[in-house]
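I've put the structures underneath this note.
In what comes next, chain A is part of two complexes: it sits with chain B in the first one and with chain C in the second one.
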Partner chain A sequence: MKRGVPLFKMLRRKQLTKKENQLETTKDAHGFPIEIFLDVQKNIENIQKILNTPSDLVTREFTVGNTKQRCAIVCIDGLVDQTTINDKIIRNIQLGMANSGKEIPASGEELLKEFENHVLSAIEVKKLNTLDQVMQSVLSGDTALFVQGTDQVLLIGSKGWASRGVNEPSTEALVRGPRDGFTENLRTNTAHIRRHIRDPNLRFENFSVGRRSKKDLVLTYIDGIVHPDLVGEVKRRIKTIDLDDAPESGFIEQWLEDSFLSPFPTLSPTERPDKVCAALTQGKVGLLLDGTPFALVAPITFGNLLQSPEDYYERWWVGTFLRFLRYFGAFLAVFLPGLYIALVSYHPGMIPSKLAFSIAAAREGVPFPAVIEALVMITVLELLREAGIRLPKPIGQTIGIVGGLVIGEAAVSAGIVSPVMVIVVALTAISSFSVPSYSLAITFRILVYGMMFLAAGFGLFGLILGYIMINIHLVNLKSFGIPYSTPFAPSFYADWKDLILRAPIMMIGKRPIMMQVDDEKRMRKGGKS
Partner chain B sequence: MKSFEYGDEEIGSREILYAVSSMVIGVGIFGLPRTVGSVTKGSDGWVSILLGGVLALFFAWLVAKLASRFPRQTFLQYTTTLVSKPVAIFLTILLAFHLMQFTAYEMRTVANISKVYLFDRTPVEVIALLFLLVVTYGVACSSVGLFRLNLLFLPIVLLIAILLLIMNIGYFEPGNLKPVFSTKWTGYFQGARETLFAFLGFEILLVYIAMTNQPEKTPKAVMIGMSIPLLLYLFVFIIVVGVFGHTAMIQLTDPTIEIAKEVEVPGEFFERFESLFFTIWIMTIFNTSALAFDASVLAFRSVFPKIKRVWLIFFLAPIIYLFGMMPPNLIRVYEVGNWLGFSGFIFAILMPTILFGIAKLRGIKGNA
Partner chain C sequence: MPKTLWKYSLLILVVFLGGCWDRVEIEERGFVVGAAVDFPKEGDEGNEMEEDAANKPHGKHRYLLTLQLVVPGSMSQGAKTGGGAGSGGDAYYNISSVGDTMFQTDRQLANRVSRSPFFPHMKILIISEEVARSGHLPDIMDFFLRDSEMRRGVKVMISKGEAREVLGVKPVNEKLPAMYIDSVTENERSSSATLPDPLRIGDLNEKLLTRESFIIPRIKSAGKEVKIGGVAVFEGEENKMVEWLGGEEVMGLAILKGTLKGGAININVGDNLVSYETKGDIKRKIKADISDKENMKFIFTIESEGIITESMETIDYLNDPAKWVLVQNRVADEMKRMAEKTIRKLQKEMKLDVIGLSTYLAQNYPELWKSVGKDWDHGENYFSKATLHVKARVIVRNPGTVNQTEPLQED
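Presenting the complex of A and B:
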């Protein structure tokens, strides 16, 4: 610090810079003033200038009752519910005030207060005094009410746009279980969760995501169950998100995940409210993004991805059986083509002799080695799947006929592939469909290729090394601090009751130990006495 | 993120238990019945195995006791307090080289046996290289990851071993066990010495106990961990003798894999059980090699803390490959195996005993 500068001069300088800053902040990025003027007309002109008078901007000026007090409402057509504006705002102000017999206050401030307290019959009303906040609110579907002579603005909640109704989630269909799924509407989705969990400790925390889109992202968890550090970490990661727009929760997932190199998902997308609620009661957190029916659940482990809500809804024998089946399916989905290649090209001795003869007879005349055959068929299968998704539904059936009949049957009778190969590929496809998590199933479809190459190069030796490599990756991968292979390793044997086995509901008395929850007990063993 | 305690680089006594078992169970089991059988008569080898096993158990306990006396101290740190710093550095580097040689030997043996049982055209060099690459990948990821792999793989490996034993019961001929107790007493001790070699590997504890958060529980965990291979070896030996008879057994290079050849899988949905058995066994051999490699990296890092872990691994891996590929034929590989047994004897038995003696005599305890 320089000597000799008088103290009051320094203070003055500080004050000056402060003022300059203030002047700067009253303009937005494009140089438009963001302060609210006392004159209604001026405000509306300003807004029109900022938005460049779009066709969906609705501005309506009117006078209160039979006085000269001027007001204006501003909203975006299509985002608002017009009957709300008619019935709850305009009618009340124009008729209600005139009929009430009360004296209409002359100053703008008091009139605004009167509106807020007595006149408007909407539930959601808030007062704002900077234009950027007002704009933000209007652009997300609220209605702004300007009153002559005050720089306060009333924002009335009038959101109402065309949205899809609650449907059955199409990607996670169940035989037994609730049929409702999330929708594109954030409020409907939070309501789903509230309806399932009526706990006062259920928390919803709002974040705004996207520089341009400014979408609502809601973090939800149950306070008192969840590990506080987990919530802290999720929040920290959410705050690092810097996107223009987040059209789907996949953007959030990719931004939050632990390793972008890993083929395995570390957050689990779901359309099912019951799945999110079950995760919350286990001490996990959920993320809901406005505009998508896919919520995210974190953290997850490998075991979680092979579980389905149905395991719990059916009786425990059924649940356990289904889980065993799925683990077997997951194994086949990754290793079956590789095993076939390894056995046929390196270890034909391991196949029982009778079977070996029939395989050899079937392969008679096939011009390619088993690897090429398998690669071609698996790739064709992937193409069929991709094509099946893209095609419109009425044509979609054609792909079944073309794929099943033409490619399968014709390729066999033309002698290009052996019928055994078709069986192997079909089994692999069926197995990968049995994996309940779509994102994990895709991972498996990628891994199949790696295993086929290893098997082609090194037979069983290559396959076991591939298995070891997948395991190395899984034990080192983490999802929000939790090793992906928990509770297998690091082992929490108490959690094994609900892993491959699904013990009777009464016996799973504790929340997963691996989540290190605050409130461990889920129930009293044996129920209420 | 540090919120979940088990998520970071710490291990408990359960991990130590599994690690000791996984480390000891490796390629040693394949030839064990032959080496023990060649110095004993009839089925007397089990006495040698028991004797050697109990000795190994004792020394493993000693190693655990020694290392857990100095909680959270690396091998280098506590040997520095016991003997002087230069000696400690010398010992650490020697130990690291021993462990590298261990990895190299396992790698070479896997490659050799794979060539015999899985494929005969692929060159040994390629098989070994592939195996070492996977081991390097595992080590480069993290130490704690290897411990988790032990937890995953050991149950599968033990399951296939038990399956092998059960399926051979049908071929078991009690007559093959005779004569009983006809070996000279020197033979038992020779057999015990051979067995001791198959139990080596627990010297990794010297390095790893620094990572555990429950040092007081480790000696017990180590004892349990060592009993698993002991029981396995006993059962395998008795079944092998019962199936092949003594004379045939000592003629086979790897009798333990050969008994898998006898098996017929019920339902006959596949044949050649030995290929499957060996394939699964690669999992535990991987664990052994990876732990030895990782322990040697840790030992080197304690001497040269400034070198990055990944660089060290990339530097050591080619050296290990050269070590493993140096012996030109099978006979030389067995010679290397013998030398490895000898250096293992020094690091697992002789050195810990001396260090433990010094610690006891001078009354040095680590400040926990």
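Presenting the complex of A and C:
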């Protein structure tokens, strides 16, 4: 990676050459024994000691059937489904074995095998023999079954904690399209993807991130479509992750992204399963983190961020129209305030005469130059947006009206800002909301300031400079090796069918060339080019 | 690292030191919408504070420059914001000064207004007949063409009488006289006939650079309104105004040039009038016989298609093809009459070719043009010796939305 500018070099993150951080044992550090004893009682005491007897730890000792054979189950209250434990474990061991009339094996080893093969009616049962793994499983919601006289432990899948139902994604609402969104539950999320893509080549690869939190991170892709190097690179980057906790996929995004100095996102977060699935079929990869409804899609290009699933769900005329509208909106969102400043302060000759006179009339008596006026108004708008998120829902409505209408109106009639400025700011806000990707919209909100300063200093010349600078940055930026500005530059004209234009789906017969997929045809017929 | 920081702070300084040098807020500009040039009269004074030194350069003439500036605060009734200066009053003011050059006068004016004049929104430039006839038109135009703030879309007009009076009209429906005049020239309905095509300053520049004779529209002020009609004919050698052409002659000229786009043509049918209007451009063809330099022959074939716009005479157009043809022929005759009237005036009185025959010859007979070009409408004046014929053909495409308004009189 070449970087000519020393400032960037200076700030550049040190190359990640850290050793692989994998499950390190923490227990021996605290001086607890990590072996599994033959005695049930001893095992339970050990676990209680390691966890410091937390209030949500449930241990239960009981005997098998009518015999004196002792066993115990250990689980975390709240993480497990209690009916599973009652019906499928305890009832079966105590009642089932007593009533079956079978002889109960005397040795612990035999008994454990009997449990695994005949008694437990749970679907997910595995045998472990290290305390380390047992603890890990118990802490993520499984139930451990210890049997007297053996150092083998049975782990029964009993995850069942309270989780939010599947709701419509609130940040990416559509008029038409599936209403289900990801939830905080990883399994639900993978299920969403499976339900959309029933391809046996769909892959879910598990990683554990967070030194402390040990969260599940699932890398998903479709084998046979995706370019193997991409998967390799993503895996390499995932392995460099060295955090103690990743509360949200934003942490993963920031760790994996190509350039942390760029204001542009190079991974796209989404709450929509259909969006992830569409990306997978294009040869991209998805990342699902347990505990957050936001999945990540990589790699992405600038064009991807201005696409919405609805472009495809509606007919292609509509899709194309919406795309055009969005590109226009994106332009306004970045350049409109700058354009206003440049035209008003430097080039009034470029405004149509009558408009120029009415802008001049509107600005009559405004004490600030257009820059200050614009800066004040844009900042007020940003404040309102920020406050709007923070405020409780019922008040949020009010603040919209108070902020938008009352303050705006008052500022105009007090002569602090001109009415034209209010229109400009409102248009900018609306335009930035038309950008489907929230992370890109935020980027635009930052860039607006840069453009305003450039316009204030150099007029249209400055604005054009800014435009060129943004473009230089965009063509330099890469997302997992894919240039951010593809397919504009480098130009893949075949991909332009699905860029600003959204060609009829029969005509988009091939997967994007830029993804260099293994299987490039997406339909048998139709794809003529 | 300190070195790098130093470099970047220098970069940032560039923005703060280099920027903003020509920033003038929109409300601090004095928008000039119109300008007028006259010769000064008694009592018009320029910069009295200046003592004239003996060796100070002087021009051939002193000019009175009048600028019309906008008062934006009074422009819109709706947006009364803050302390809109001068709200309620006129939306413009005219300000005049006398000077040797346009630029000097402009800068003198800037000393007297709070907002410096800003020209890109200038719509019209009016030059008085007196100045036009003096032959100083190119001298005046230089500033309006050369200055970087000037736009080539400014419309130029010659005023009958004082030019600054034209800028002083008080139009009823528009706030700015200049905008009002600008709109009148754009008025499609009338622009066709007696109103000549507006002449933009860029085109005028072209004409000044050639030896071709040309025309500039005429404007007259009358209290609350202006009247634009007729043209001033300029002779191409010295760019001096020679004579006016009146309304009907302008229409004749438009027929000859093939630029007629509408306008009423009245004809007599029976003892009543029928009115006809051309729709779309008329077609014009020129056929030339140049065998004799001294007596060239030109035949103008004009074809016009249009509709009956008014028929005071009751005619059953749909069932009386003979009458239809009669109307067509009468209109053709009328067009021919107007064209010939214009030819007579141009050829015999003014001896100036503004029909565009010179361009036609230069383009189609370049060899001939080399020998006659210099004496086309000067000196030998081959133009006035030539014979010009007009043939007109008219097709009435439809008689309007009704056939008759009253029953036919039974004979």
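One rule holds for everything that comes next: the second predicted complex is superposed on the first by the 498 of 529 C-alpha atoms of A that agree within 3 Å, B and C clash if a C-alpha of one lies under 4 Å from a C-alpha of the other, contacts with A are read in each partner's own complex, and residues count from 1 in each chain.
Throughout what follows, a residue touches a chain if its C-beta (ideal position, glycine included) is under 8 Å from a C-beta of that chain, and two chains touch if they have at least 3 such contacts.
Worth saying up front: this structure is predicted, and the values here are computed from it rather than measured.
When the two structures are aligned on the shared chain, A:Pro483 is found in touch with chain B, with no touch to chain C. Once chain A of one complex is fitted onto chain A of the other, the partner contacts of A:Ser353 extend to both chain B and chain C. Of the two partner chains placed by the overlay, chain B and chain C both lie in contact with A:Gly462. In the superposition on chain A, contact is made by A:Leu230 with chain B only, not with chain C.
In the superposed model, A:Gln516 lies in contact with chain B only, and not with chain C.
With both structures placed on the common chain, the touch criterion links A:Ser491 to chain B but leaves chain C unconnected.
In the superposition on chain A, A:Val366 contacts chain C only, with no contact to chain B.
Comparing which residues of chain A touch chain B with which touch chain C, the overlap comprises 346, 349-351, 353, 458-459, 462.
Within the complex formed with chain C, the chain A residues making contact are 6-7, 10, 344-346, 348-351, 353-354, 356-366, 369-370, 412-415, 418-419, 453, 456-459, 462. On chain A, the positions that touch chain B within their shared complex are 227, 229-230, 232-233, 346-347, 349-353, 458-465, 467-469, 471-473, 475-476, 478, 480-483, 485-486, 488-491, 514, 516.
Of all the residues in chain C, the ones that touch chain A in their complex are 1, 4, 8, 15-16, 18-20, 22-27, 29, 31, 33, 70, 72-76, 79, 81-85, 118, 120-121, 123, 149, 151, 179. By the touch criterion stated above, chain B contacts chain A in their complex at residues 1-7, 14-15, 114, 118-119, 122, 127, 130-131, 134, 137-138, 141-142, 145, 147-153, 268-272, 275-276, 279-280, 282-283, 286.
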